[in-house]
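You will see two complexes here that share subunit A, one where it goes with subunit B and one where it goes with subunit C.
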Partner chain A sequence: MSAAAAATTQPANAAGERPGSGMASTVALATLLLGPIIAVNGLAFLMPVFNLLLLSFRESLGGSTIGEAYTLANWSSTLFDSYYIELIVQSILTSLMITALTLVASYPIALYLHRSKGRWRTFLLVLVISPLLTSAVVRTYGWIAILADDGLINNMLKAFGVEAMRLIFNKVGVVIGLTEILMPYMILALLAGFGRLDPRVEEAAETLGASPWKVFWRIVVPLTMPGVALGCLLSFVLAVSSFITPKLLGGGRVFLLATEIYDQAIVTLNWPLAATLSMIVLVIFGAALVLYSRLLRAVI
Partner chain B sequence: MKTAIFLSGALLLATTALPAHAQQTVTLLAYSGLFQERYTKAVIEPFMAAHPDIKVEYFPQPGSAAMLGVLRAQKAAQQTDVAIMDVSVAKTGTDEGLFDKVDESVTKNYADLYPNAKFEGVAGVGVTFDNLVLIYNTDAIKTAPTSWNALKDPALKGKVAMMSAPDIVGIGTTIIMDRMNGGKDFIQNINAGMNAMAEVAPNVQTWEPKPEVYPTVINGQVSLGVGWNARSQVNADKSDGKMKVALPQEGTILQVNTINLVKGGPSSDAARKFVDYALSPQAQSAFSAAMYYAPTNSAVKLAPDVANRTVIGAMDKVIPVDWIALSTVRDRITQDWRRKVIPLSR
Partner chain C sequence: MGTAQTMQPGFLSIRSLTKRYDTMVAVDTLTLEIPKGELVAFLGPSGCGKSTSLRMIAGLCPVTSGTISIDGKDVTRLAPYRRDIGLVFQSYALFPHMTVLKNVMFGLEMRKVPVAEAERRAREAIALVRLEGREDRKPAQLSGGQQQRVALARALVIQPSILLFDEPLSNLDAKLRDEMRAEIRRIQKRLGITSIFVTHDQVEALSMCDKVAVLNGGRLEQIGTPGDLYERPATAFVASFVGRTNRLSGVAEGDRISVGGAALRAPGSRRGNVDLMVRPHRMIMTPAGDKGPDFDGEPLNSIGGEIRDVYYAGDILNYEIQAGDQIISVERATTGGETPMASGSPVTLTWRVADTLVFGAGQ
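Our next item is the complex of A and B:
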């Protein structure tokens, strides 16, 4: 109560001290407007992350007890253990693959949506967003029904005399499931970044004799790069951090950072190790963000 | 400002005045789902009927780890009085100073508890015994399997489901296999069990049956699975004969849920009364009849049709597991599984 009161009165005081200065009042106004979100982010995001960082240096005693002492053991056992290095590399590669597949599957849809008009466009947009109204768990179970040994696809293959394949409880299942789950995010991000794509530029290129293929590669793709970069960033971050779908479709065979964090936090109760792995995920996100801003600067 | 003072005064009055009139509330932290449903009917409701001045509030969590998370988070101001959780997690909680000791001073039933229900270094005591069993789909498997080796049957390729290590189903099955294949002390060396699990691996369709292993067996997605007796028995009853339960001749391992008094819980006297009741023959036999967990109180006499469906008649075949010693090597066993067992099931 008192902390909240102090937080709201402080900017007002700051504004009152220097009424004449225009610069100062702008700063004060900005502080006033940004204050609430800074407070919320500080309390609900930065503080927990800082606690997580501290936890990653806490000693992990046998039998999942968290010790009082601080140690580098969690970090050294993670960064110098072949199993965890492999886990980190595999997580990044799998997420990159899922991101690429999501992009390939979503790009044509987003392009068509961008060019459609009126009610038809609204209808298609609702169709694209509608999967987000269902929980990822439910959609993942849907994929189990489709991909299972006696599911839709394998039954069709059998009807054509093709031998059934294991499409689920392995990496194939995880990649298929996550690609579908991430598609709405990718399509929305692409649409948001397609603002510069002007049909008149395409028409001009055609008038000057460019083939449709050339128009696509030289005009459409470069102009839509901001959307592609945004969509890829979003999909990659979501792919690295998703654990429900890999848990349900991986069959305990696919080891990714997110599932390992879940196991360490919930099953073996090694919270310091789980915190260490979480910080590594955060570092990967940071790297992805840096890459994204570099890419954006290059294309704009 | 005046209103603020008035409001805080009113709040102060309300919080101090209420408990004098209202009943005491015991907050029980325990498993969600079927456990909550059956435990409420068999134990909590009769307890509240006998103690009208005490109300038991059930705070459900999906697993022991989540319960430990709650207790760790509330350590500064506990809102919970009693926790029912797996013994290995209870050991961690005890080490972190979260629990008060349950002994003769809390309950006179302490003396009647089986030795397997008391643990060095754990504040709480055993309140239920459960055990690993085989569950099978009756359309696919006509005769009940009698040995854990059924998991290796080449005819069941891709038709087995069980949780892998670090889950205790995976670790427990490895311990049973180790004992069957001549292993002496799995804490030191569990290679015999690991080699046997490597033979099971090619049969396994999923190491992560979701939401649980029971529906995957009932609906025929797999033919054979490893499950826990209590949930297996209840699911078998609900399956229209599609799923049956088998306790193999080589024996089984126990999973023990302990009941723990939370240190600094808000209503400790009422909490002690509840712990005493939960360990009484009356509560223990009622819950066994409701969900086929075996009682931890040796004074309980179960009806034969209930006893036969719990592990109580086969206690001589139980392979002793020191879960507390095991927790120190659980990580190593998990790593072994990932290198030697799971890759063989692709």
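Our next item is the complex of A and C:
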């Protein structure tokens, strides 16, 4: 269950449990309670998305001018253009790679956090969440200081007589930066999905002859799959849609869907093309969601 | 030359087993020998160290000092997965993501038993706990009792050298508990697996097990057959924890003990302040002045008092009798149609000297 789905069904349940209310009044109350969120979502989310969809079929007349006529030009120039196909494929692959790295880096931390207790746990949890209180821009500049040609890492390498490496203004920099930025989300999602872990179950496996390695792969990993699936969905979506970090750490040399949308909308002012690319991102998200629900059904 | 028990090490041999946390001693120099094929209960109040002892035997809890050996082999420092021990948990601890069959096969798989044979043996174990037809269910689709049967099958199928039960019936309702007790006993006897059964329920311990080890404050108070424990408790704690008992305080002088105004006798000889214990149902109550029971001429104790309260509990009537400054509880089986004796009636309580247990005061 995603957090959003749980939150939207909550008011309906609360209304249903009210004693003495008939079916009709229950529905009325549910509608009343759900009304505001439906209105806000409709006005602030669905309408703009629909507008964006319409916009993607409009003609760009250069500058910020948008033609009145409807056309398939934007779609054909993105879906049949090798540059854009490469861009879409690269964006998905890079985001998958970032998601995988984020998972590998976050899983041990989440597992340790799940098993720690009391004040130590609270302290660690605050430590995990604290990066979220800092803007991604600030954190990205921090990474520039660390990864730059005369940054922390390269200076250390030079001190040990190792040749400096290019860690910034390329894909390496973007992957490192985004992995760190997405880790808090991944850790929180993993923790939320670790509810089925039970130390007694692990002990049972051990007494049945499973080594710690076997216990991890046969018991711990399968039982934490709901968290893994949720964390990966969240990280992937955030990775595909992030543009500040790729922009700053990529130095204009790493081209991803989100940065391209930004360029088309803000720099080139080709809004219909930006709208088309945005709809493609939305389709990718839809596919990710379908994959997520399939995976969740398979593991539970 | 010692007794047979100290001479011959048991199949499971526990010597001076100790578990210390920072300042607290959870298990204190526990020593006992368990012969092959026996079902032994670890009985005690919560926090007495029975579960900690069990976890140390399973290897799930590091040992502070002492040794554990199984069939002559020291396993004290061995990891749990190398110990060949089956453990049935209070919370069942089934693998929620596996079917019943996969749960039961898990241990065999870890032992690299070929799949076909593993499946055959798992199905046998499932049949043994009478769960045929539910092999493909997930644990969440089973009732508590069925889940515990799966846990039992999963522990049995690996043919462990020792089978451990950690309060396995505590989460079940009373009727199911009785069924499972009989079931566990039947299977344990049939397979002849040396087993330890941790419980805080004395009825469970006495009715199921060959021997009962009573633990208190991390120490072994007494180990013996249920009859030993009940009839010949070694300490005041065992006497009061196993079965119900009346505790009277008195002053001993040889085999004479004066309790309030009454002069009583007890087997053995001692001096000073003592606690005297008698089981409620071993006391015969007669109206004061009537001729008391004669118990075939055995030496008897008697004490006079007055009925203070009567409780009706269906199968028994429970009388509370004020004898001097002591309260004594006496049970009488109901026969139907009788009128309980009224509060305030003067009565005489009579019991055999042999049924009088005496312990040093304040034990």
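Criterion: the second predicted complex is superposed on the first by the 276 of 300 C-alpha atoms of A that agree within 3 Å, B and C clash if a C-alpha of one lies under 4 Å from a C-alpha of the other, contacts with A are read in each partner's own complex, and residues count from 1 in each chain.
Keep this in mind: a residue touches a chain if its C-beta (ideal position, glycine included) is under 8 Å from a C-beta of that chain, and two chains touch if they have at least 3 such contacts.
None of these values were measured; they are calculated from a predicted model.
Superposition model on subunit A: subunit B and subunit C are shown accommodated side by side without a clash. Contact with subunit C, but none with subunit B, is seen for A:V299 once the two complexes are overlaid on the shared chain.
In the superposed pair of complexes, A:N51 makes contact with neither subunit B nor subunit C. Contacts of A:S211 after superposition: subunit C is touched, whereas subunit B is not reached.
Once the two structures are superposed, subunit B and subunit C can be ranked by residues of subunit A touched, with B on top.
Of the two partner chains, neither subunit B nor subunit C is touched by A:S130.
In the superposed model, A:R196 lies in contact with subunit C only, and not with subunit B.
In the superposed model, A:I219 lies in contact with subunit C only, and not with subunit B. With chain A used as the common frame, the shortest Cα distance separating subunit B from subunit C works out to 48 Å. Touched by subunit B in one complex and by subunit C in the other is not one residue of subunit A. On the subunit A side of its complex with subunit C, the touching residues are 196, 198, 200-201, 203-211, 214, 218-219, 222-223, 299-300. For subunit B in complex with subunit A, the residues that touch the partner chain are 63, 65-66, 68, 88-89, 91-92, 95-96, 158, 163-164, 166-167, 205-208, 210, 221, 324, 327-328, 330-331, 334-335, 338, 342, 345-346. If you check the complex, the residues on subunit C that touch subunit A are 58-60, 79-87, 89, 91, 93-97, 106-107, 110-111, 151, 154-155, 158.
Residue ranges on subunit A touching subunit B, taken from their complex, read 61-66, 83, 148-149, 166, 169-170, 247-248, 250-253, 255, 263, 265-270.
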